[in-house]
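Below are two complexes that have chain A in common, paired first with chain B and then with chain C.
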Partner chain A sequence: MKKNLLILIMLIASLGAIGQGKFISKNAFISFYSSTPLEDILGESNEAVTILNAETGEIAFQALMTTFHFKRALMEEHFNENYMESTKFPKAKFNGKIDGYNSSMLSAPVSDIKVTGILSVHGVEKTITIPAKLGLEDGKLVGSSKFKVTPENYGIKIPSLVRDKIVKEMEITVKANYLPFGN
Partner chain B sequence: MKKIISVCIGLTLFLSGNVFSQDLDALLNEETKPTVDFATATFKSTRIINGHSIEQMKKDQLEFRISHRFGTLNNGPYGLFGLDQSVIHFSLEYGLKDWLMVGTGRGSLNKTYDGFAKFRLLRQSSGAKFMPVSLSYFNSIELISLKFPERPAGTSNYFSSRLAYVSQLLIARKFNQNLSVQLTPTYIHRNLVKTELDQNDIFALGGGARYKLSKRLSVNAEYFYTYNPNAKFLEPRTYNACSVGVDIETGGHVFQIMLTNSQGMREGSFIPQTTGNWLDGDIHLGFNISRVFAFNNK
Partner chain C sequence: MKIKYAIILALVVIAVGAGIGLKMFFKSHADINKLKAEFKLDAGSLISEFEQDENTATKKYSEKILEISGELKSKNKLQNGTDLLILEDEMQGISCQLDSSWASANQPIIQALEIGKPITIKGICKGYLMEIKVSPAIVLK
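Right after this comes the complex of A and B.
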């Protein structure tokens, strides 16, 4: 009887631990940047959602294309209408895993890591490995990354007329402040 | 007691197992709030062809528009199919708010000045909030600045005689990525008309549509039916305005090239005063060009 009670208590305690096993950020920042002498293009979203599984080192991102905003309204319209086709492909996703993950990474100061996973943009999935940073900053778990993607690889055609205004490789910046999931 | 505990244990195991098996992606889907998806880019430009579309300049965006309508195609080769003559209209149009756009312009036809405001009342949306159509209200004043003709002694001209007022409801629906349709009930009041038989108050219904052939090319058509046109025997005879055209988009520019039976480019002229007849070849080639400038600092 006492043994059973003990098991129950342990289980409930472990359930709490499971709750702590994931970290979430509902307002992660994602931007993409293209700079040419003719035009700078900067799209920013502060509404990306990301979850980090502390048990396995798995990490997932989702961003609605329509949450990206631009200085020029026309750019935003073209981004959604002509390039990303946001009604057809409303979300960009990343599902990956931290290379050589161990849970101490989450309690150490910010340090360099690598993440490998599948980036899904414009309905095209590609496996990529990107450099990132992860760790504690002022007692909070933060993650960030800066990497490049080539729109053409994701079936995003850039017409020759505007080719000079858009770089071949977009610079993607990601920043997330993680909070324990379920709180 | 034992039973209860084992049930508890079972339940706990079941629940915790459930949490584990949940895919991160599915968790993310749960955490993403349902969004309201507004229909954007119902039309490529703030005009379908001659008339206003549901589109507005967004806040702090300025558009400079230049439009030309040439003479009629039935001028023949001697007049290079109308290219020898042209009327111009240019305007500056600005988004004060995302829902309010104002503009002012000048047209060479009848030396007209105009000012307008376009208010967005409803936005077509799906997702968390469903709205089948977009609705805007358009209002403008047009001022004909032609010199007044000589008047008989003892009568005088009034400034108010130069003015006309236009009110329109723009009701549009983007049916899919390619097809958008708009209905435009219109009321026009002209303070002064040529003869007693001309109408001061004009009621019309406009219909317009666009179909996208590719991401940057669309075909457009527009028709304005006037319920109380001028009597048929009045000269020059007036017709309903009918236009077809294409929109070509190149980055910050939209080119609109059209064939239309009206030379006027403002509601007060092309709705009540279109004198061309398609069947007689009174067709004007024309184009609108617009360039958008952003004035917001971010």
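Right after this comes the complex of A and C.
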């Protein structure tokens, strides 16, 4: 009887740990898009890593700049060498927290949330608040966001020759399918 | 007469310049199939190099072509159809996204891969983010 009780306690404790654990995606999608009269610029990566802490509502994102792919090899080269200086600043990072976080957000259908945190790109850190969606879709935890950033705010210099042709803001899209991790 | 040659010379220079410019603009992505590996490594030692000193290893291997041998831990397809192989360790191993044109031409090879068996891949190392990212990659054996 005592043994059964012990097993029951352990089972409940482990269930609690799952509920309070972390969620991860190692192949999250990030893209950025800008339309120019000459050609649309679209860079995509399927290799971002994100961790969501179910206890605190903290979200972390990281992406390697070199994993962004473009239609043209030349664009990829310019992106890494001239704009992002990927050897100097290999990663883009976001560390934030869901505004008004409540763990029931993770078990509800997908709904609108806001995330506030620090975006670090090209070695420059800025605090931003972005609109996002989070919740269950087909029984799986998914998160997504679409927001705009201004490259100049992150010290990314755009040559005067093309400055007028590139819009000031780039649209960033993020999508992640989370899986429970650890515990 | 001199002016005529000067004009022809100028036209040739412009044509060559435009040709080089267009060639650069339309330059195709590196074909991993044809490129030679700069480093031949064992998966375990590559992982420990990154774990010991990420910055040095990133400088040494990032954007370089590596030939890596290790144990296949998982085989998956991403939502966009990309084949994903993971070597050595499911969470902190080596993640290889296969080159899409190579993969579509070599589906039987991918299907025949067995979890737990040794595998050798060739691909471009992108750096370290919890795991070592290699893309695009192809299966050698």
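Here, the second predicted complex is superposed on the first by the 162 of 183 C-alpha atoms of A that agree within 3 Å, B and C clash if a C-alpha of one lies under 4 Å from a C-alpha of the other, contacts with A are read in each partner's own complex, and residues count from 1 in each chain.
Here, a contact is a pair of C-beta atoms (placed from the backbone, for glycine too) under 8 Å apart; a residue touches a chain by one contact, two chains touch by 3 or more.
If you're wondering where the values come from, they're calculated on a predicted model, not measured in any experiment.
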So, does A:N46 touch the first partner chain B, the second partner chain C, both, or neither? second
Using the touch definition from the top, say if A:N95 reaches chain B (first), chain C (second), both or neither. first
Which chain, chain B or chain C, ends up touching more residues of chain A in the combined arrangement? B
Please work out whether A:P159 is in contact with chain B alone, chain C alone, both, or neither, and reply first, second, both or neither. first
Output check: A:A73 vs chain B and chain C. Expected answer is one of first, second, both, neither. What do you get? both
After lining up the shared chain so the two structures overlap, which partner does A:K114 touch, if you call chain B first and chain C second: first, second, both or neither? neither
Mind working out whether A:N27 is in touch with chain B, chain C, both or neither, as first, second, both or neither? second
Regarding the shared-chain residue A:A60, is it in contact with chain B (first), chain C (second), both, or neither? first
Could you look at A:E81 and tell me whether it touches chain B, chain C, both or neither (first, second, both, neither)? first
Output check: A:K148 vs chain B and chain C. Expected answer is one of first, second, both, neither. What do you get? neither
Where chain B and chain C land on the same part of chain A: residues 26, 49, 62, 64, 66, 72-74, 87, 90, 181
Which stretch or stretches of chain B touch chain A in the complex? 1-2, 5-6, 8-9, 12-13, 15-16, 19-20, 24-25, 27-29, 31-32, 35, 37, 40-41, 57-59, 61, 95, 177, 215-216, 249-252, 292, 294, 296-298
Chain B partner contacts - residues on chain A that touch it in the complex: 1, 4-5, 7-8, 11-12, 14-15, 18-19, 22, 24, 26, 49-51, 53, 58-62, 64, 66, 71-74, 77-78, 80-82, 85, 87-88, 90, 93, 95, 159, 161-162, 165, 181
In the complex, chain C residues that touch chain A: 24-30, 58-59, 62-63, 78-80, 82, 84, 91, 95, 97, 126-131, 133, 135
Can you check the complex and tell me which residues of chain A touch chain C? 26-27, 29, 46-49, 62-64, 66-67, 72-74, 76, 87, 90-91, 177, 181
